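You will see two complexes here that share subunit A, one where it goes with subunit B and one where it goes with subunit C.
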Partner chain A sequence: MKTIRSRQSLLFDAATLVAPLIILCASLALLFPVFVHGITPLSWDFLFSEPLKSGRAGGIGSILFSNALILLVCMLVSMPISLGAAIYLSEFSPKQNYFGRIIRLSLDVLSGTPSIVFGLFGNVLFCRVMGLGFSIASGGLTLACMVLPLMIRSGEEGLRMVSHDFRRGAAALGFSAKSTVFSILIPCAAPSLIAGFVVSLGRALAETAALIFTSGYVDRMPESIFDSGRSLSVHIFDLSMNVPGGDTNAYASTLTLVLLIFIINTVATLIVRHWQIGRNLHG
Partner chain B sequence: MDKHGLIGKARLCKAGVCLTDDKPMMQIRNLSVRYGSQYAIYNVSADISACSVTAWIGPSGCGKSTFLSCFNRLIDLYPKCKASGSIRWDKDELLDPGINVRNLRTRVGMVFQRPNPFPVSIKKNITLPLKEHGRSQESDETVEKTLREVGLWNEVKDRLNASALSLSGGQQQRLCIARTLALEPDLILFDEPCSALDPLSTQVIEDLIDSLRHRCSVMIVTHNLAQARRVADDIGVFWTVEGGFGQLIEFGKAQQIMEAPRNRQTAAYINGLVG
Partner chain C sequence: MSRFKSRSDFILVGLLRVCAVISALLVSSIIFFLWSETRPVLQTVPLQSFFKNGFWSPSEGQYSLAPMIAASLLTTLIAIGIAGPIGVFAAIFSHLFARGLIRNIYRICIGVLAGIPSVVFGFWGLIQLVPLVNRWHPPGASLLTGSLVLAIMIVPTVALLTEASFASVPRSTLHGAYALGMSRLGLFRSAIFPYCRSGVVTAVLLAAGRAIGETMAMVMVCGNIVQFPDSLFDPVRTLPANIALEMAYATGLHRSALFWSGLLLILIVTGLIVVSQIIPRKLSHENHTIEAKPPL
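The block that comes next holds the complex of A and B.
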């Protein structure tokens, strides 16, 4: 009896040790080659110079710039909409409210939609119907649709976590609903709102499929947001699939992308952690 | 004569208006509150005198806090909560759906059971409500004045920009009273203001309530009979009756309620036999 139990416990110990090891190996297997092949060509010059010969030579300056513009459009559009929706859902629509339930349901559907579907949708709506063509604006708007559910849900969660005592306190002091939201609730929920935005930024940065059909392939420096612009992830996809001899720069671009996402996620984690420490301190 | 030697005599309120004890400041008539179909309190009537401290006592769940929330219409926050009857204050009917609730809440302040200062600086806790009601220009002096009134000024004057959450529980509660006083209310509602505090902080808050009677009326809900005895001029006793709702079973001068209660249940409650 005793041996069976100790054998079981040994098995359990082994399993709990092996599982994280597998995860560690998987991420190393993924990141190691990227790092090894990508670190040599990576330089300031690579980051800021324009791609040459379809990206085989030169750098990724225009790509980073286009990508930054796409993200800017995405954030400028998605932030106000998601903040408004989050405020509506957490403050003005009780859980059983019919309209609120429909919105929550549609958010769930949206967040489960594959990004290629968003890409095709963006292509039809923004590129053709709205006449924006293959452009940074189309790409940014498509990404905005894609990150909305994530942003709204994290915003709603953040606002809901603000203690109800503050709402009652504000009401008892004669605060209007608007001032309660803007003077009390948003400042209280700011860390989680910011964290939600940063995580969405990372998601948008990593996106490929939604951008291929909307912001296009052009690797020149864009002159406005109505020009086509290639994102970093699309650049990596193109170099590795369509451009023979583009592997070296594909690795360097991948390393850049991985580092950027790592930085963004670290910032989000730091914000949330800082906030939690603050909360614990104050009970 | 009551403990201030003022029965029947004129009392000077903050506005300089003379009010006498004989004329009630507020008349509560047949006040009932229900959540959905369940009554929380039923058919409460009482006269509240000006510049007095009225304590509402009774066992848990007998509707005291709900009752208190009628005076600043905080019951409006609860979707299924409905009040009927009348609370007449001067010329205003507080339960009138058309009354300006925002203005009412500047006239009637409220301090809650758990201290709930906003998670901003100490100073901003007082300036935010002032700003909300378009009185930003008087901020700095009001901050000092109200913090002095609650005895917090010397403790915090060097760190007015520190987070209000860095204060102790008792200090937080005094800050909450200060921000309420900043709006110069005529009535302040205290909903068990000391139940989350230690005895020393409780003493400070009680002294504060005692000093407030010179500038406004006070209503306090408390579980603590000794506290009611210490601070109150008038006491109302709530009791849960059959049907699960609260009723006001006795209302009168504090001394009479404490020493010669007329109601059998009040007597048992005060002597610690029930409740």
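The block that comes next holds the complex of A and C.
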């Protein structure tokens, strides 16, 4: 009996050590080739020049610009709506409230919805019904729908972390709901709200499937947000799948994308750490 | 509305509620628009022919989704089979045994993996993994490659959600177990697992939801041939990959059938999410009756 126990125990210990090792190896195996092959073609010139010969030569300047516009549309639309919804959920709807529960369930479903489904939805609603066609605006609006649940969740959690003492203080001073929200809740929760926005920005930047049928494939410099524009992720997809001989530039674009996302996620972590969310708010 | 002191408060709360309603209506409008595009194909093609064994060739009016549903389920199941245990054990490692530098390295790894876009996983799979599998057993782009890429993609989801559920273990229980000098296995089995069983199940279900909807990486590494795979090395096409591949040129009933597969996807994911929310409620009643078993 004793030996069986210790053998099981040994196996368990081995598994807890092997599992993180596998994860470490997998992330190294993933990132190493991208860095090695991507760093040589990567230069300022590559980042700012236009793609030539469907991306085999030239750079990714116009693609970065289109992508920035897509993200801008996405954030401009999703930030106010998600902020409003987050404040409503955390302040004006108790957890047991029927209405609040329905909203939370639909947000859960929304956050689990596959991105290709958002692509289909955006294709019908924004491209066809609203008549925007394949455009940066359609892509940005589709992404806005996609990041909404993530933003609302993080915003709601940030607002819930604000100490109840502040709310009681505001009530004791006879603050209106409006001034409580704008001069106490939003400033107190600002770091986690911003961190949530930054994380969502990274999520939107990473998206491919929702954009193929909404913002389109065109790799020229867009003239307005109603032009079609290719995102960096779609560019990587196109180079590796449809363009023979596009691998070198695909590596460089992949490295650019990974670095951008790494920077965005690091900024989010730093914001959280810098303001030490959760500690001084509970005071 | 007498509970508001002023008109501006009334307007503010009204606006906030509108924001919340917009976000809540999004799911129903997604389903509504998918449904309105799906209707033509459901009116002409009998429902069972989508799920019967057959061919997917929209130009000849054959709309069997069965091989693609099978491919989606198989890749997801294999990926969960690989990523589930790895993720759970990694969470145990990070929560109980890793300290200091090692824990930080682990955290960074998981964070980086979780943030990497799916198109990068797909590109890596296409350039690195497919040739590797091809050398072992051609053609390379296959059910196996797809499942492996999918497994790496969902490991962070499983690991992070599982570790989050460990937080629900009461400190006193943990301290008691440490004081008894339990082995790591004993500690996990008697002090931690009873509290986070539902958390682990939820983590796996949500990871499955993410895996079944994964599109770009599957387009790039699965080989994209519509067929029931005979072995792990056969190329397959998953349901979302089919949408991504054919949406560009699909018209009429073909396009409608693609929307129908999108609708199926959102229904499957909704089912998984609803189940993952019911399970904690069912299991939480058991938590109170479980007492830490003394180690033998």
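Following the convention adopted for this analysis, the second predicted complex is superposed on the first by the 263 of 283 C-alpha atoms of A that agree within 3 Å, B and C clash if a C-alpha of one lies under 4 Å from a C-alpha of the other, contacts with A are read in each partner's own complex, and residues count from 1 in each chain.
Basically, contacts are C-beta pairs under 8 Å (C-beta built on N, C-alpha and C of every residue); 3 or more make two chains touch, one makes a residue touch a chain.
Small disclaimer: the values here were computed from a predicted structure and weren't measured.
**Q** Overlaying on subunit A: subunit B and subunit C, fit or clash?
**A** On the shared subunit A, the partners fit.
**Q** For A:250, select first, second, both or neither according to whether it touches subunit B, subunit C, the two together, or no partner.
**A** A:250: touches subunit C, not subunit B.
**Q** For A:209 in the superposed arrangement: first (subunit B), second (subunit C), both or neither?
**A** second
**Q** Could you tell me if A:65 is touching subunit B, subunit C, both of them or neither one (first, second, both, neither)?
**A** neither
**Q** Now for A:226: first (subunit B), second (subunit C), both, or neither, which partner does it touch?
**A** A:226 contacts neither subunit B nor subunit C.
**Q** Which angle, as a multiple of 10 degrees, do subunit B and subunit C span at the CA centre of subunit A?
**A** The angle comes out at 100 degrees.
**Q** When the two structures are overlaid on chain A, which partner does A:35 contact: first (subunit B), second (subunit C), both, or neither?
**A** Neither partner.
**Q** Look at A:176 in the shared chain and tell me whether it touches subunit B only, subunit C only, both, or neither; answer first, second, both or neither.
**A** A:176: touches subunit B and subunit C.
**Q** Touch check for A:188: first (subunit B), second (subunit C), both, or neither?
**A** first
**Q** Identify which of subunit B and subunit C touches the larger number of residues of subunit A.
**A** C
**Q** Give one of first, second, both or neither to describe whether A:165 is in contact with subunit B, with subunit C, with both, or with none.
**A** A:165 contacts subunit B only, not subunit C.
**Q** Note down the smallest distance between any C-alpha of subunit B and any C-alpha of subunit C in the overlay, whole angstrom.
**A** 7 Å.
**Q** So which bits of subunit A does subunit B touch that subunit C touches too?
**A** In subunit A, positions 174, 176 sit in both the subunit B and subunit C interfaces.
**Q** Under the definition above, what is the set of subunit C residues touching subunit A in their complex?
**A** Its residues touching subunit A are 4-6, 8-9, 12-13, 15-24, 26-30, 33-34, 36-37, 85-90, 92-94, 96-98, 105-106, 109-113, 115-124, 126-128, 152, 155, 159, 183-186, 188, 206, 209-210, 212-216, 219-220, 240, 243-244, 247-248, 258-259, 262, 265-266, 269-270, 272-274, 277, 296.
**Q** For the complex, give me every residue of subunit A touching subunit B.
**A** Of all residues in subunit A, those touching subunit B are 94, 163, 165-176, 179, 183-184, 187-188, 281-282.
**Q** Where on subunit A does subunit C make contact in their complex?
**A** My answer: residues 1, 5-6, 8-9, 12-13, 15-20, 22-24, 26-27, 29-31, 33-34, 80-85, 87-89, 92-93, 102-103, 105-110, 112-121, 123-125, 129, 145, 148-149, 152, 174, 176-178, 181, 202, 205-209, 212-213, 233-234, 236-237, 240-241, 247, 250, 254, 257-258, 261-262, 265, 269.
**Q** For the complex, give me every residue of subunit B touching subunit A.
**A** 72, 74, 77, 79, 101-106, 109-110, 112, 114, 116-120, 128-129, 132-133, 163, 165-166, 176, 179-180, 183
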